[in-house]
Amino acid sequence: MKRMLTALGALLTTAVMSLSAAQADKLKVGFVYLTNPGDHGWTYAHEVGRQQLQDHFGDKVETTYVENVPEGPDAARVIRELVAQGNKVIFTTSFGYMEPTLKVAKEYPDVMFDHITGYKRAPNMATGNIRFYEGRYVQGVVAGLTTKSNTIGYLAAFPIPEVIQGINAFARGLRSVNKDASIKVVWVNSWYDPVKEADAAKVLIAEGADVLAQHTDSPAMLQTAEKAGVKGFGQSSDMHKFAPKAQLFSSVNNWGPYYISQVQKVMDGTWSTGDGPDHWAGNTWKGIGDDYLVLTEFKNMPAEVAAKAEAARSGIASGSLNIFEGPMKDNKGNMVLEAGKVLDDGGLWGMNYYVEGVKGNIPN
Amino acid sequence: MFDELLLTVLLTSIPLILAATGELVVERSGVLNLGVEGMMLMGAVAAFGAASLSGSPYIGILSGGVAGLFVAAIFSLFVLGLATNQVATGLALTIFGTGLSGLIGAPLVGQAIEGLPALHLPILSGLPFIGVFFQLDILAYGAIVIVGLTSFFLMRTRPGLILRSVGINHDSAHALGYNVLRVRFYAILFGGFMAGLAGAYLPLVLTPHWAEGMTAGRGWIALALVVFASWQPWRVTIGAVLFGGVTIMQLAGQARGWPIPAQFLSMLPYLATIIVLVTIASRGHIALGAPAHLGKSFFITR
Amino acid sequence: MFVLEPRASVPLSLTLLVPVIAIVLTLIIGGLIFGFLGYNPIEALYEFFVAPLSRPDQIGNLLVKACPLIIIGTGLVFCYRANVWNIGAEGQLILGAMGAGWLALSFPEVQSPFFIVAMAGAAMLAGGLWGAIPALLKVRFRTNEILVSLMLTYVAALFLDWIVRGPWRDPMSFGFPLTKTYPDAGLIPALILPGIGRLGQLHWGVIFAFLIAIGGWFYLSRMLAGFQIKLMGDAPRAGRFAGFSQAKTTFAVLMISGALAGLAGMIEVSANIGQLQPHISFGYGFTAIIVAFLARLNPLAVIVAGLVIALAELGGDTAQISMGIPKVVTGIFKGILLFMLLAGETLTRYRLVRVSGMGASKISKGGKANV
């Protein structure tokens, strides 16, 4: 009798274990979005990445997302909810989720968190980022060769490092081909506000800009450009259909490869943020060279300009072209990088100046 | 350069002109409608959706106005039919309109429509500087015409006089045999139609997209404009252009490198509204021209 | 046609039933809207109102979400009872958070347990002063407090944005708009229940919310000053004859509600965020207006009303996660609820009577008309 019971017990345990193992085979991955994917911009790119992740792994993962999550305590609640629903990997796709993600990460050491565009990490919290500024350099090159008025209009959302890096990289590309052109920046104070973006674009055009760039998310700027007969660059997704004659090219964020590689590491058991106090091993910051940033086809420009743009692009991809290398001065004339030096990641994060070619001052 | 800026200012002021003129009539009849923002958003989403589905911005104009009418009818049901507190009902309308427009508009985010074309009036539009006044679109010209008609209606016609008397003292008006509730109902419908048109202007002319909450407080500024204009239609136009100017100068100031932080420049329209409210109200007696029974519910008693 | 006739007396049952009927009607209309949009109405309503309570930690989150609504709602009750329409609680909340933040950032080494009290004081002072502005303009210049308080909300939000990106930005934050984190003495600790542990994000501020609501009720119903406020709202001329000052009442209620909104702001930051950032409030100041009305302007009922509205807010998230319903639907619920409440308010005091043609002029003996 006792032996039968033991055998039965063993059988049952094995059955239960294999059942839960079968359940555990399906990895649940959660995503937290700032806006809704229909914005055709920032969140849309993440959604595309999520779908690529789902398609790549098929039945082995189950992805969910929550949209329109405000940055703040609500985010912490939503992240906990995702944990409660069994998600083992959670991607939080906006800078403002940094503190909430960290807070929840400390409470659930078995769940792997991945914060996009942040700088704080933990043993179970990694960070992922794209070198958006690389695309800006190429934009600057094209702008420099396209502009007749030598004034570039730049719509920027908020003065955070990522945006400043973009403006400066643009200026570096601009000045590398055109020593007389300069950039006028207008701060829209929002990532997505079509009316305000359209107004800002109109004002910049009225102030003489004939090429526009944006670090905001809606197609309003390009549309205004199209109507006014000037040119511009799209952001986050290909905005060609909104501005067939105005869009020169667009920088598209390609998150799929990052998501796939991270989830693969989790499945292989090699996911780790390293041991140092900063957990630097857990930081991924890649760009054009790894296809994290993709530039759409060069249109509405003469072949020579397209050729120069392509040369810049492949130079950055191969690593032969350094965007920020000394000697480099800020727009007040001070030397910020000596000859022979290349700006490292720390220097990029700490950029609190405009380089030559940008008019005005960074707010505060 | 300056021409283009002036044109942008004019275009920005049109939604304010439309919404404020409508609200002016409503308030003249004695009703305070705080739901303008919600009505404008419903107008915007209806106009965008209709223009998107039909391909015609003109259908968009109509839809925007009708959406405003629809919301105004709901408002009337409560403040006229059930004599609910006008302030709270207006707020409820704004919250409801914001939410409903967001819901209807959710699948529309990221799309673009064909907007209203600019109609350059021959000869006049070629003039330097003032030429921009003749480079507007049909809805903008319509707005100016409506302002003129409204002014004429209120000041020079008998029905206009009746409407004004209802706002000044609804009991006396009732005693004279006028149907207070019916007059207010028509006024509210007009206000809703105008607010709907105002909202429609945003996606049809300013930027051919939809975004949740895209009116960004213009409805509230329209309310302030009515007070600024001392409840007189032509002054609404001046005030609207001033406010439009402040909004655009904030951006132009940045482009020109003015050393003032962007946030303070952004505050200007709102601070300007407060200053205007103070100056107008303090200029002797009670706010000039405020309908004395503004905001009071009407009950048939005798 | 239908006419409103005042009721001779208001049955108590009706007074209590009105909020309940309002909620039920809201649910029905909400369900219809869901169905119209293609979602299963029953499932959607479940996700909105039942699912958020299905785990104990969610109860904690409910209380946390209701906390600012209850505090601000109580303050607004004071204002609305006096017929002063403060729409700017959101801005007063922001100023209060900034006032407390200034203290926390100026004294990073402090360890005293009284520091948090000082911060609360600073918050109430800042919020109260921001509320005093529309009061001053109303008393001196007869400007409409609705528009002024609303415009000040936009100004406050922009002010916070500037200060967090500029003078108060943490130099170590790589240019991101975050202040330094508050010292531990400036944080509100978690509320750990003996034997149960911490429920969700529950913190001590929740206790204060309850105390404030009860205190508000006591003040309004049992103290002369409270009576004064109610009188100036219901019958201002009688109040003036009794010697009460309209100006003092206006200042008092606006500063009280401003102070309470400021306090709510400080609690939100110190309990949930721990530093200042450009967005610290998510419409609490506006949602609290609905809470005040749902509570029929009674501070005790504000507790229940706050919990109900907080439930709808949490429900918006749950419904989105499980059914993909957009967040904006919560706004629709709130709007409809407010409509139903307002209608119910009228129907408690008036009856709908059918009259024919000119009979409209023959109405009413007994009961007061509201003019």
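Observations on the model:
Letters A, B and C mark the chains as written, and numbering starts fresh at 1 in each.
Convention: a residue touches a chain if its C-beta (ideal position, glycine included) is under 8 Å from a C-beta of that chain, and two chains touch if they have at least 3 such contacts.
If you're wondering where the values come from, they're calculated on a predicted model, not measured in any experiment.
Centroid distances built from C-alpha atoms place A farthest away from chain B.
No other two chains have as many C-beta pairs in contact as B-C.
Averaged C-alpha coordinates put the centre of chain A at 37 Å from the centre of chain C. Per-chain CA centroids place chain A at a distance of 39 Å from chain B. One finds 28 Å separating the Cα centroids of chain B and chain C.
Of all residues in chain B, those touching 2 or more other chains are 106, 261, 263, 266, listed in ascending order.
Among the residues of chain A, those in touch with two or more other chains are 36, 189, 363-364.
Residue positions of chain C with contacts to 2 or more other chains are 161-162, 165-166, 326.
In the complex of the two chains, the chain A residues touching chain C come out as 36, 64, 66-68, 70-74, 76-78, 80-82, 84-85, 95-96, 99, 119, 158-161, 164, 189, 349-352, 363-364.
Within the complex formed with chain A, the residues of chain C that make contact are 55, 57, 61, 64, 161-162, 165-167, 169, 174-177, 200-201, 268, 272-275, 277, 279-280, 282, 314, 317-318, 320-321, 326-327. Residues 1-2, 4-5, 8, 12, 106-110, 112, 202, 206-211, 214, 216, 247-248, 251-252, 254-257, 259, 261-263, 266 of chain B are the ones that touch chain A when the two sit in their complex.
Taken in their complex, chain C has these residues touching chain B: 2-4, 6, 37, 85, 87, 137, 140-144, 146-148, 150-152, 154-155, 158-159, 161-162, 165-166, 286, 289-290, 293, 326, 328-336, 338-339, 342-343, 345-347, 350, 360-361, 363-364, 369-371.
For chain B in complex with chain C, the touching residues are 34, 38, 74, 78, 81-85, 87-89, 91-100, 102-103, 106, 171, 212, 217, 220, 223-224, 227, 261, 263-264, 266-267, 270-271, 273-274, 277-278, 281-282, 286-287, 296-297, 299-302.
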